[in-house]
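Comments concern the structure below.
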């Protein structure tokens, strides 16, 4: 990071990477605005100004708000489900040498199967409502958590366990007071990864079939050639996705503070 | 015999057996509709017939070509841009967070826009593949070039290397493992994205075929295609690992 | 020594690793016997892989011997006895996610010390090692020497009669080691604890111990027991005295051949480390 002199050295301030980045983004948006107005077919492209207007319109539409809320609920439910199941299975698999050797390869094999291929099956089983999206998303999110939690449990330095034992800790105490806290940073890493895949899973399922969620509106806007509304919706969803991802990243950093610097 | 070696294998075999057994029981007892879960035998038959007749070729060709085109563009574009940015520390500071930030947006959100723009033909899938594969490639290229161990550069410089020779002989080979990892990730993500979006809106391709069969309640053939696609994914992974190992050996 | 029951009695302890009857079976310790009197500091020294850490593990109840018995205060050892024996390890065994004082309290929780007493004991122990100011720090923020002192404080907080220390200062630089050694001697004089101390350092062994048990190369047998007749606390002057030099040279003579032997053995100290790892 170049040292920025204090005071009124505007050139230095403007030259800072963050500023330049902002300028680049602003430039791109302006270029988009100009080209869309000049050459763009309004059926296919839309300048950002129209998108902004459409966004306000969307936010005032109760149906759309309901759809966004429904999708958010699907995301959170899928995430919560994958966290709970992932933590449980991860602990069970990781804590015992035997379960590790037996079940870890099974998890890896299952993880290698692209869940995308059985998306229609999920819909056939769970219907076209939120349940299929939640199930699909949860199946995606469960794997990173199982893998990171069981790794976090396994990678504990043996001296910590021996030391606890020498102080008279019971097996239960070792698990709750030594293994569990040690595993927490890995758990949060898993959650961050899980959030990313849950987002992909739920959103894909929404696009595949959706009655009242955002997928429904996305299809509608696509078929009726309303790019400004579609883009506005995408921007809103992107904002939600980024917020969720950042929240998980914050959690990861917050709970990993004690790790080796 | 070493019990602790065999026991996990037995558990795994037992698990596989239990899954297949449950499947068989569910279908033969009539508890589950054959439209949802076809008997194992019929899936097997459908799979054999599929492979024998080669009916998968048209769809495989579509998906394969979409993947090839999308990945090539993303790989070349990502490497070139990554290289251009990676040359300057300042450019890295400007653009790397930008790319990383864009990467955190689920690319799949853009698909409806691509459909709007390109229709439901291969174009939208290719655009999706490019979008999703681009970021891992560009980020890993930048990272790989930036983090070339200073030691290698110092050593090479002390022996008189500079400029293009320094780049091609030292930096590129040193950065390569990281770049390759990014390429690999991009390939896998592109494959999954293309499959997924074929399911959402397409008139050809493996993803579309699976959805088509599902909608027509032809569950045996649908499962056959699922197995087939999983097999393709596995082969893809094996092929990439093979290339990885070969290149690693040559680099060393 | 007087007729009182020794604090620790080790009777013909043998420790072997690996499947019985196989070629991979390693005999780490063979028929080791020693008695440690109350208030004594005994050093175990020997070449790598000679089983001294294994013996310490057996004494502490962390490992069961292949044959032989150990008594602590006249009672047969069957498992860890946190009321009587506290351990200090070479590697950093502080829990990194807890502050120093929380580490001490957790240790007491494991040792089932009543909740009300924990804070007082912790503060006393930290004072004894001079870390009172750092009670709220995380292990990651401390230097190597401070971490070991904190570990010692955790062991002290358990207020056991016996302290087993497995090369606790090995990872530290020599200067820190010397100072910590002096502190340990002062602690011993003040508290009258019984300490068994495993080390590789000849200087450290002679400076700290009342008796030094010298081990042979694998399979480890107690080859010789050297007496150091010097009161505790050991003064820094003792470090540079002729008496210490003479004893140190004597120790070196006894050990020299064993060290050479150990260097030529295959699969060295990993025997005892593997043993420790197996305890999970």
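By letter and in written order, the chains are A, B and C; residue numbering begins at 1 in each of them.
Here is the rule we go by: contacts are C-beta pairs under 8 Å (C-beta built on N, C-alpha and C of every residue); 3 or more make two chains touch, one makes a residue touch a chain.
As the structure is a computational prediction, the values presented were derived from the model and not from experiment.
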Which chains, taken as a pair, are joined by the highest number of C-beta contacts? A-B
Max Cα-centre separation from chain C goes to chain B
Chain whose averaged C-alpha position falls nearest the assembly-wide average: A
If you average the Cα atoms of chain B and of chain C to get two centres, how far apart are those centres in Å? 54
List the centre-to-centre spacing of chain A and chain B in whole Å, with centres computed as mean CA coordinates. 19
Geometric centre distance via CA averages, chain C-chain A, whole Å: 49
Of all residues in chain B, the ones touching two or more other chains: none
Provide the residue numbers of chain A that touch chain C in the complex, in ascending order. 97, 157-169, 173, 177-178, 181-182, 184, 258-261
Chain C residues touching chain A - in the complex, by the definition given at the top: 60, 62, 80-83, 85-87, 89, 91-93, 95-98, 106-107, 109-112, 138-140, 154, 158, 276-277, 279-280
Inside the complex, what are the residues of chain B that reach chain A? 4, 7-8, 11-12, 15, 36, 90, 93-95, 97-98, 101, 104-106, 108-113, 115-117, 191-192, 195-197, 199-200, 207, 210-211, 214-215, 222, 226, 229-230, 233-234, 237
Chain A residues touching chain B - in the complex, by the definition given at the top: 1, 17, 20-21, 24-25, 44-45, 98, 101-103, 105-106, 112-114, 116-121, 123-125, 196, 199-200, 203-204, 207-208, 218-219, 221-222, 225, 227, 230-231, 234, 237-238, 241-242, 245-246
